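Heads up: the structure comes next, in structure tokens.
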């Protein structure tokens, strides 16, 4: 059922070649489409990045055992953040998007608006209100848990619970974004497929597994990649505001380490080296993801 | 029927859990200073007051913050949406030498944390004489790799018959974009535009560096004026600014999301 | 031809004269980086700068608020210095005096002030003036001054059967009071601020120790006194008297009557007083029984970073305005800091009414004779602070004992300083 895009592109191009006219324009047209988006990225991302890479060559000899310990811990924690975030930010919004699709009438809008609302407010404010919820002394969460008969942990002050706590805040903030993207993806699936399936007597689960899931794969792929990046980068804000990497480094990660060395200790060279490394690492992971997942992604019908 | 109840039950629980922190933000903004932290947590302000808003209004140029935020966010949104659409179309519907490499370069920029490029960018912007102007905020963000990536994914899902029909009509690639592609992917484009707007609206790190005068600052920077590490945070006014900052963003979403729903309907007919 | 030539000369002459005149009347623009938020001195800074701009014609100063306290200000300074546009003056924390003086190349303040330094210096508390001094050089004019105090909840004291008018005077008494509060009311007895290394220094100095070797060049954070200080703090957590929490968690809980005493800067007085249902009371920072009291000061100096002599002169003129008796009076009223100048609190023109209006300020002034400067790390101070914070976490969490924790910190600090 799925045909890879390139087939279409090839046939499209062949048609162009056959007609033979405007071949020159056609050849540069794609580049013209890309140029306006590319230019700002070159000037404000790649140029400074090169500068950073250049800086990073100065300071490798400063790498101390302390730094190495920080680095490996940050790597491990980054993995925890990414894996945790994938669970929170794919399963939850996809499930809600599917349920949301079954709600009709004005309630759907109400639900959608409420579920999206965390995405609207600034992350700094979000972090602060969650600080009150997680308060180990008299926060809402631990009072509720106490009412249910268990004592809650000290959340942001407990080395074992601090990453889950930050993940909860980040997933809460990201829920609306991913929900919107999954909802748009689901809405793009033509209703006739479901009608046909219903005629065949397929259950709700079968409809999801045989129609929604495969046809959603480009969307899922997109969410997967952005969530990995989000987990790597955006967790910086709650970490910086709430824990500063603590207690005792338990919540640090690679991007926070860059921030710490670059903007707290002013070890620009070391921070740049780390930034370069992180950039390469994430590019590698993303490319790998793309290669692996491309096989399972169903484009076109 | 019971499955309907189940769906609504889950929705209601999720919504309550989602909105609680926001309700707390709003409720705190209407509380008197000595009602914010009390032995018993109350969501309804015992003695509601506008004092925090008054204080925020007196101590910071809230109106100017709002205007600057709106202006910068709208320009960034428009530019990012347009450039993303063009580039995504270029990547998804054309074949050309270097396509994979260029796309990887686009993806790569999403991975670069802002802190990595902040100092060189600051120096560049400062040499251009843009410090304390909205240009410093807007120009570095005229395009977005995230947008290119998202729209490309959407374009790849479009049925090829659409384009075959266009080719038969003899439509060039530029006309096909506006006459065929744009009407079909309008929901995705609107959704993306909202994300861009909200993202620009809530930006914090970069504006903090390049906008140092209150006349040109944006609203998230106003929050910092109430968060003193040394003397403690003035939670009431802080939450008033936060609430005020959230309202326009929420309105934009409410208005635009209707548009998305109607777009879904039209695109559904064409699918 | 000749006539034309003359014309040109004349026009050029007029032009040159205009330009020169323009230069002579052109005002020097300077920037002042500060950390004062809208509810903590921001309006006062704006007012003082406005007064300065109105009372003279040569300089135009603008105040630049920097978010994120001294860390944020240092980041901004770093970025501005990299772009070649440092501010003329900035507030620098006492703890960053050495770091800032070695990193950003400021001009020593007595050199900036030229002949006017001594007259201004004479108005200061002698112990406070020393806070701007490092190795015999005056790097900055001491400005903000705070000291750690004890805030307590008299209602909880009463409920626990303690006398709210006789707050504990020594750490030993504090522990006893905290235990009584915990036993009688079930609330946490006390909380000591945890956002920086300041309390580690209170304990160390209170026990008669110091962080650095005699010559000030080597760190020794694992001395028996440093370890004893951390053991003391850890015992409070272990006994359940002190919660593991952040400042922004524990302070609200104190305001909600769920913690009996908190130990933090006097600068928080206003927010605690206005944000609590009970009448917050303040006591002096305790010492250890039988040992001499030492209270490490907090706050900042005004440091001059301008490279241009004109700007530097304007920077000093602004500093003079800010630290004048009138300026300090405004500053103290607008922020809740302690006055750096001597005897303002006895002069009815300035702060004569202070204690009548704000009785909780009295303990902060009463402990001024015990104020001492904090040691400045010889280098890598920012990393060292972080290493100590991590050591504190590990020790208070019970991951390691105090000796192991401080030994490890010492090893890391030696590595960092190499």
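Lettered A, B and C in written order, each chain numbered from 1.
Keep this in mind: a residue touches a chain if its C-beta (ideal position, glycine included) is under 8 Å from a C-beta of that chain, and two chains touch if they have at least 3 such contacts.
A quick note: this is a predicted structure, and the numbers were derived from the prediction, not measured.
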item	value
Remotest chain, chain B as reference, centres from CA atoms	C
Inter-chain pair with the most contacting C-beta pairs	A-B
Between chain A and chain B, centroid-to-centroid distance (C-alpha), Å	15
Interchain centroid distance [CA atoms averaged], chain A/chain C, Å	40
Computed distance of Cα centres, chain C from chain B, in Å	37
Where chain A touches two or more other chains, by residue	128, 132, 138, 263
Two or more partner chains touched - positions in chain B	39, 119, 233
Contacts with two or more other chains, residues of chain C listed in rising order	248, 252-253, 256, 258
Contacting residues of chain C [partner chain B, same complex]	35-43, 62, 64-65, 67-69, 76, 79, 82-83, 85, 146, 195, 248, 251-253, 255-258, 265, 267-268, 270-272, 274-277, 298, 335-336
Of chain B, residues touching chain A in the complex	3-4, 7-8, 10-11, 14-15, 18-22, 24-25, 39, 41, 82-84, 86-87, 89-96, 99, 102, 104-113, 115-117, 119-121, 124, 139-150, 153-154, 156-160, 163, 167, 172-174, 187-188, 191, 194-195, 198, 202, 204, 220, 223, 233, 238-239, 242, 245-246, 249-250, 253-254, 257-258, 260-261, 264, 267-268, 271
Residues of chain C that touch chain A when the two form their complex	71, 74-75, 78, 103, 188, 243-246, 248-250, 252-253, 256, 258-259, 380, 382-383, 386-387, 389-390, 393-394, 397, 399, 412, 415-416, 418
Interface residues, chain A side, partner chain B - complex	3, 5-6, 8-10, 12-13, 15, 22, 26-27, 29-34, 36-41, 43-49, 51-52, 96, 99-100, 102-103, 107, 109-126, 128-130, 132-133, 138, 140, 143, 172, 175, 177, 180-181, 184, 187-191, 204, 215, 218-219, 221-222, 225-226, 229, 232-233, 236-237, 255, 258-259, 262-263, 268, 271-272, 275, 278-279, 282-283, 286-287, 290, 299-301
Chain B residues touching chain C - in the complex, by the definition given at the top	33-34, 36-39, 55, 59-60, 118-119, 122-123, 126-127, 208-209, 212-213, 221, 224-235, 237
